[in-house]
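Got a structure for you, written out below as structure tokens; questions coming shortly.
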């Protein structure tokens, strides 16, 4: 894993920078996709790319507060989402329709997220070079 | 009461193996007999001894081996499903054995409850 | 009999099919990602509350905890059990059908 | 795999006979559950048990006619369902609600099936000793 | 862009979410168990026919054949392609989003 | 055009590996370049050489090895996902190599299209 790289917020992406979007649609723990998906995102931090991470459908449950995995004896990886900022990965989006259906608000998450509609996220998605689904 | 358990998914990818493990442990703790744990589909990967999860995560393959040893559990990997997935005797973790699907049917015939865990 | 459901009601039809098959007196245990069904104040709540009134609904506490679902968020009438309770449910009820 | 055993239809189940039900809810080819599920059913034929096989939800697609897997280069196992009769496994049920939602009728299947409602199948299910989902 | 959907519309929400994200001019390819969505005369037909009128819908022929879905059962306006056509769709459209 | 492919599921259990294989073969047939096929999650099991499917079924592990050999494909198994699942060099099929997740990101950076196959 890479050291956090300090790039000013207003830095323009260089020529070699591509837009990567990670689409998270799965709940944590029932399957490993959420955990291994997060590992992919973290690695991207080492490559200085323009990274967006989107949580939609049951993927929004990945970042809800209060996860306690002691009794299932699995690794609680929800605190690791807070490490993303250290890798300059701060474009975290949550789909409005998904959280409304689940009775959640932006306050319920372990990291600061921007709440966007599916239509807004679809616009962002169309601008990407690479979209990875876990 | 006499239980048997069927595990349909491999370790880590699905929670099925963890849930089955906790169920079997609790059943034994309550004085029930667990006649057999049968591993089918990707479940056969639970018997792969080379599995090395990260240090800070549980090693479900080892946990099955330990539970098997402590309580003389019959941990059976289905031979047909295992061949497809490259699980053979030389990669088999301690306490597991490879046998045929008949062992699952036999478990169904001889136990009071068969409980299935999968995706 | 005992029905088990380990899938989210938002993503799969397992719970819906289970409810088509459950009969009076049956028990239903929600576990793994199935525990998301027990939350109040979400789009699935009315259907699950109706099921809780009709059948004996249980949810696995360890899976609730892992997913950050607090006991006060659980629909009334759904009982929280641990792995030992899961074993008891399997022992006390007839055959077990896993709606995978 | 066992030789087909010739038991008269009116034979009463013996004391050692248990009721096994196999519940098939998955489409074929996209995943292996249907194929490996069928392998389980075939083995049961060697044990002289009282076996029922139920197709519901996308599981009804396992037995539709006209499957041709040449272009995907996978094994077409749909003809194998016709071998079940040779193992005296002839209690094949299809859920009415599932086939109606999919615009299918009993004529669309490679084997003779009995079409029952979910309520009727639920009654059968409650009588089983062992229920196996693939 | 190109959206791919490989899940049955009866069992998962992948196609529904895909249709929430597809924009004018986008292409959608249904393959693997996703091909069950293209069948006429089933409960999902009206929604998929509406999508076919709005977006460019494609279905993978090899997966149709494997599942016994005949070309005459495919909703009008959905084009059948082979693996080469899948490659062309990926090449001709912008990024590819796989709705797994 | 330059493609890369990500395969998220193992052989046989899901069709993902088959679909990816046919896609890669078709892309090469059309004169495109396939820079890398990256195997993640259970996809790492596609590189397990011990896999022995039934005689009348396809052997997708061997098909990947052959396609890799014919066209010099870069077939990369993710090391972290492989360790969890017990895939190490000694069980690796011909033509596959084990490397880090960075190889996936690099593939995304250097190719025109990354296409994902999974469950």
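Going in written order, the chains are labelled A, B, C, D, E and F, and every chain counts its residues from 1.
Criterion: contacts are C-beta pairs under 8 Å (C-beta built on N, C-alpha and C of every residue); 3 or more make two chains touch, one makes a residue touch a chain.
From a predicted model like this one, the values you see are computed outputs, not experimental measurements.
If we look at chain D and chain E, which chains touch each of them?
Both-contact set = C, F.
When B-D is set beside D-F, which has more C-beta pairs in contact?
The greater number of contacts lies at B-D.
Can you check whether chain B and chain F touch via the same residue numbers (shared by over half) or via different ones?
Since more than half of the residue numbers are used by both chains, the interface counts as same.
Would you kindly say which chain has the C-alpha centre located farthest from the C-alpha centre of chain E?
B
Report the inter-chain centroid distance for chain C and chain F in whole angstrom, where each centroid is the mean of the CA atoms.
38
Go ahead and note the Å separation of the Cα centroids belonging to chain B and chain F.
Chain centroid spacing, chain B to chain F, equals 28 Å.
Just the number, please: Cα centre separation of chain A and chain B in whole Å.
Centre-to-centre distance between chain A and chain B: 34 Å.
Quick one: which residues in chain A touch 2 or more of the other chains?
Those would be 29-32, 57, 72, 74, 129-131, 133.
Would you please write down the residue numbers of chain E that are in contact with two or more other chains?
6, 10-11, 13, 32-33, 62, 82, 95-96, 98, 100
So which bits of chain B are touching at least two other chains?
Only 8, 12-13, 15, 22, 41, 54, 80, 114, 116, 118-119 qualify.
Using the touch rule from the top of the page, what pairs of chains touch, sorted by label?
In this structure, the chains touch in these pairs: A-B, A-C, A-E, A-F, B-C, B-D, B-F, C-D, C-E, D-E, D-F, E-F.
What part of chain D is in contact with chain B in the complex they form?
Touch residues, chain D against chain B: 16, 18, 20, 32-33, 36, 39-40, 43-44, 46-47, 49, 129-134.
Give the list of chain F residues in touch with chain D in this complex.
Within the complex, chain F contacts chain D at residues 12-15, 18, 22, 54, 56-58, 119.
Looking at the complex, which residues from chain A come into contact with chain E?
Within the complex, chain A contacts chain E at residues 23, 25, 56-57, 97, 118, 121-123, 125-126, 128-131, 133.
Where on chain F does chain A make contact in their complex?
Against chain A, the touching part of chain F is residues 6, 8, 40-41, 80-81, 100-102, 104-106, 108-109, 114, 116, 118.
Okay, in this complex, where on chain C does chain B touch?
4, 6, 31-33, 62, 82-84, 86-88, 90-91, 95-96, 98, 100
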